[in-house]
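You will see subunit A twice below: alongside subunit B first, and alongside subunit C after that.
Here is the complex of A and B:
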């Protein structure tokens, strides 16, 4: 282990990121108000039950769509297969809460579906025959369509690397296509599928926008309510603790399964590009139909709904301060990307140079921030700042720092930093994993210092990773809702918060315009990254 | 003040917290000398190079170059400040630079001691890598990458050059040619070099001295001739695998007796009292073939090595004895045939354990 500037740099970054996580853990031992008793006797069971139902429903649907689509585009040729390969990830551009607005807007009484039926068949009482996708079903559908992409991307990458030999072996043994799927293809892609589903589970449990829109009480909304309605920060943190334990278990499972996934990497001699099966006739049409349906429901439907409302209510479009919202969003995106990339580099290089096991464990712990719902992070951050201000700052009789961190851009970016640190850190780390250590050592041996090696060898080599991380962080920041909602400065709005505020006031038509812009900007970023996300060696 | 160019004294070489090679001492006397380290895979040869380069630290002993301490318990000069170059076994070229840029980066190193400047173009030509200069590391073969890495290390003209299996990925047909040229360049530029290899022929050809690392120890450090003909322990004999040990009894000042081969005469490298039971090292070139001899052994295997054959013969007591025969010998012997051994057997230097 080598203790130097890089070691301390990395240590400080990891500790900073770990603070909110530690805050949640320590809050477990604090006293709470009697809200806990009230809650225990009333809603706690409902929170847990709803969280579980939501989780199971979303896992089932995302498995079906993610694995199904990945299987079709990986093993078969049918019209549009190359288009679907990347178009299916566009669903990431639609956050669950915007999907929820679309779903409600389309199927509600006198909603879009009603208008379509009326214009086609004339006046009538169609409201009774239009199904209603609200409540739990609406939440499950909204979350599933929005995030099935995790399962799709990881499973597809795993299918890509499945050895042709393995599939040929199945054919040799006389397996049918179905038997090959269940006995060979799915079991060997299991780690990737589990990894995808774990991400889905984490996102589902931490979802705030969609469930609160549909009025579903889950643990996440419970945390928000205990803080907002009952002003009980300690209990909010304790609830967070339970959720965090659950999420950390999933996170460990996901981590474990990712490690196993390495067994599926191709060996130099063993990998052979798979020959896809050409589908013809009905089978080809059915495959095309399945992918079209998923693409339509996950992306085209919410996009069209938002576009439709923007067109028929042009006043909302004209009233929206687009320039300000865009500038605010870009400000947050740029600051967050810069901060995250800069500190991820320090952390990764510090780990690489020092080779400290302690630092490695601390970094692994600190990246679990991604598993913590935004609501929890924001609450934990406020808790920490309040404690810091009341004890440390007060002790030295300095001026209060609450205003510097709470309700400020700085605080917002700091919490984004914790939330998306895993994304940035792992993105840079995966780039670093491709640089053999002997490259660094060669640089030292031709006289390069640590800093010169970093600047002249690593940074230029990792420029693609930097770009990818910047885009992924931007995508997340644009879609992010609860942290922005809780910690944003007064009168500072983004597309996401504007859409949420309109929607929470039942002004869905007005929410459509910022939602549409959010989808379009996010789609633009997805298209920029699709080359990397779908890269065949991306497992 | 030490008169050695490089001196390694009582060093425990450590990698990943584990002792790899213990209590090693050896030195390179003159600038421009070449030392080859031999040993099986995983024994710690690379760790020795990495430690000398400054990539690993030491807890005991000292490493001195030109009388300056590079590593000791208290002192550690960083690799970038040592003026030591190392060529790694695996590809260590900078992936985002062309091969040419990679090589010329080596020449950027500040070296005030450069009297005779090396011409990178000459090195490039010697290593036959002119055609790949515009390519990137991922576009070339492992052998080409290894040669490019070697070129980068050479053009740096370091005070000490460390080569880790420098030619392991190079085609056999090209290997001998490079070995000749490499030796010439190192000699011309007087670059002091330590080469790690598992190829004993490469070590014997390139090295002024050879060190054998076995069982976590430096077992022998000597001239190549001595390492081959006067191995100092059974482990070295087994590692070089160039002979067998057969039981024998010392019968006089210059003779010993084996139950199957009879009397063997020659000069003992070490004194053994008459009547001692010893293990005699018998190398393929120690026995001579003679069709007319009455000492006949059964052929159990025949290896064709181009310039020669090595026959493996079985004795009555099931000893398997190797015998070297020039490949232009008038006739060949098939497996199961009888093979005559010239008597009396005379071995110029008798090595026993």
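Here is the complex of A and C:
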């Protein structure tokens, strides 16, 4: 282990990220007034039950859609397959809460579905025959359609690297296509599928927007209510303990399958390019239909609902201060990308040159910020700053720092940093893993300093990783709602907060305009990344 | 780009602590777009800049509480008396020193020393004239929602909704906790479905035939009638009729949108000026025509689309809105104990 500037840099970055996460769980170890003691066990059971149902529902749907679509576009040729390959990831542009708005508006009594039926078939009592997608079902659908892309992308990448040899093995054994799928293709892609599903699970557990919109009490909304609404830290602690168990299990699962995934990557020598099977007739049509359906439900449906409202209520469009919202969004996006990439580099390089086990573990721990619900993280941040200010800063009689961190762009970017650090850190890390350590050694041999090695060798090598991380972070920041809502400065709105504000006045029609822009801008970023996410096109 | 970003970062360090000579800072849980236009009018008139940060009620309260003496907020604006009362009880508000203008225009039961109402709303019953007879509703009260004749015919939103909590708090205040607990049980037994959706969804459920009566605030109906929710909802709104309960006794349950003076308000005088402005005829007219609430002051008419637009119904002025905050915890407890989702 070598302790130097890089070691400390890396240590500080990891600690910064870890502190708010620790605050979430330690701040609950205080005694506070209890509310409705008798009812608590009922609540606890309900929260756990709802979280489980939501989780199982979302995992089932995302597995079906993610793996199904990945299988179709990876192994078969049918009309539009090259289009679907990238178009299916557009679903990322629609955050769960905006999906929830669309779902409600379309299916509610006298909603859009009613209007359509009426304009096609004339007057009638359609409300009773229109299915209602609200409550738990609504939440499951909103979350699933918005994030099934994780499973799709990772599974597809894994399918892509599967060698034709494997498929031929199945053929030689006389397997049917279905048997090949269940006995060869899926098992060998299992680590990727599990990794995708555990990302989905983390997002699902930490979702606040969609579940609170549908009024579902999950562990996350339970923590929010008992901590923030009732100041009942003891109960919040109990709930976060359960949430932590869920997250920890997922985290271990994800890390484990990520490690395992390496062993499933084929070596260059044994790899044989896959031959896609050409589908014809009904089969080709069915494959086309399945992909169209998923694309339609996940992306075109919410987009059209927002577009429809923007068109029939044009005043909302004209009233929106687009320029200001755009500038604010861009400001947040560029600052957080910059900060995240910069510090991910320090941390990764620090890890690389110091080879410290402790540092490695700390980094692994600090990336778990992604699993802490944004709404909880934001309030934990406020609590931490207040505690820090009241005890430490006060002790030294310095000027209060609260204003510097709470309700400022700086504070906002800091919490984004904690939340999205895992994304940036892992992105840079996977790039680093491809640079052989012997390159570093050679650089030192010819007299390069550590810093020069970093700047002149690593940074250019990792250009693509940097770009990818920047775009992924931007995408998250554009869609982010609770942190922005809680920590933003005075008179500062983004597309997400504007949409939320209209929606909470029961004006989903007006929320449509900022939502539409949010979707379009996010789609633009997705199109920029598709080249990197769907690897084969640039290798 | 990098240079600009760094510069922006440094600037943002200071922006939040930068005190502009004449301003007033608002934490608002009542986030109407139209309020912003109103604040702009105020600035044009007085030169006092209005800064707003909006958000969910409880989180704003948390932020204000944790910021403590460093909180630059002057006013806390929210759409429920119970919330103002509960925040006051936590010691987060200070006596505002309302001017005579404020005291003269706002009736005593709609304000306290710490906060004041700026607009009113009523929580009323909506019914389907096809399935509910005038006779059935004769002398109808909130207490009457527990009557077994409404079994499977009533829709109302969830117990976590603040408007329900305030309504039930007023019942606790008037009838006691025990009686209200029994009432809540009976009401849950009468529900046509597990509570879901907002107030408008309850009205729509009656229009669509899912239920016969709904409990909802007055402005939701006006919003639907205004056409801002589309032609279908406009037509649906016409299928239900508003009914003002408790006309024979204490009157219909009233609630307020109000502003409270924050404990460490740095611009207290400006905050009082803003509240005074919000209570002028000009501002009240703007509010009633955009949010469809009732005016707080006399001499301003509600919007034509609002139920009870002539204000000829009996308002419950006996129950002080202050009590909604005091009885909030009891209200939530009886609802949850009754299995009110």
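Throughout what follows, the second predicted complex is superposed on the first by the 514 of 539 C-alpha atoms of A that agree within 3 Å, B and C clash if a C-alpha of one lies under 4 Å from a C-alpha of the other, contacts with A are read in each partner's own complex, and residues count from 1 in each chain.
Simple rule for what comes next: a residue touches a chain if its C-beta (ideal position, glycine included) is under 8 Å from a C-beta of that chain, and two chains touch if they have at least 3 such contacts.
Given the structure is predicted, the values throughout are model-derived calculations rather than measurements.
**Q** Specify the outcome, clash or fit, for subunit B and subunit C once both structures are aligned onto subunit A.
**A** Superposition result for subunit B and subunit C: fit.
**Q** Using C-alpha centres in the superposed arrangement, which angle lies between subunit B and subunit C as seen from subunit A, in steps of 10 degrees?
**A** 160
**Q** For A:114, is the partner it touches subunit B (first), subunit C (second), both, or none of the two (neither)?
**A** A:114 contacts subunit C only, not subunit B.
**Q** So, does A:449 touch the first partner subunit B, the second partner subunit C, both, or neither?
**A** first
**Q** By residue count, is subunit A touched more by subunit B or by subunit C?
**A** In the superposed model, C touches more residues of subunit A.
**Q** Determine, under the contact definition given at the top, whether A:439 touches first (subunit B), second (subunit C), both, or neither.
**A** first
**Q** Go through the superposed model and pick first if A:323 touches only subunit B, second if only subunit C, both, or neither.
**A** Once the two structures are laid over each other on A, A:323 reaches no partner at all.
**Q** Considering only touches as defined above, state whether A:134 meets subunit B (first), subunit C (second), both or neither.
**A** Second partner only.
**Q** Look at A:457 in the shared chain and tell me whether it touches subunit B only, subunit C only, both, or neither; answer first, second, both or neither.
**A** Only subunit B; A:457 stays clear of subunit C.
**Q** Touch test for A:409: subunit B only (first), subunit C only (second), both, or neither?
**A** second
**Q** With the two complexes overlaid on chain A, what is the closest approach of subunit B to subunit C, counting only CA atoms, in Å?
**A** 24
**Q** Please output the residues of subunit A touching subunit B within their complex, sorted ascending.
**A** Going through subunit A, the ones touching subunit B are 435-436, 438-439, 441-449, 457, 460-461.
**Q** Which part of subunit B faces subunit A closely enough to touch in the complex?
**A** It comes out as residues 50, 53-55, 78-80, 82-86, 88, 90-96, 105-106, 108-110, 149, 152-153, 156.
**Q** Provide the residue numbers of subunit C that touch subunit A in the complex, in ascending order.
**A** Spelled out, the residues of subunit C in touch with subunit A are 1-2, 5, 8-9, 12-13, 15-17, 25, 31-33, 51-56, 58-59, 62-63, 66-70, 72, 158, 160, 194-201, 204-205, 207-210, 220, 223, 228-233, 235-236, 329, 332-333, 336-337, 341.
**Q** Report the residues of subunit A in contact with subunit C in the complex, numbered from low to high.
**A** So the residues of subunit A touching subunit C come out as 35-36, 39, 104, 108-111, 114-115, 118, 125, 127-128, 134-135, 214-215, 225, 228-229, 312-313, 319, 331, 334-335, 338, 375, 378-379, 382-383, 385-386, 389-390, 400, 402-404, 406-410, 413, 485-486, 488-492, 501-502, 504-507, 509-510.
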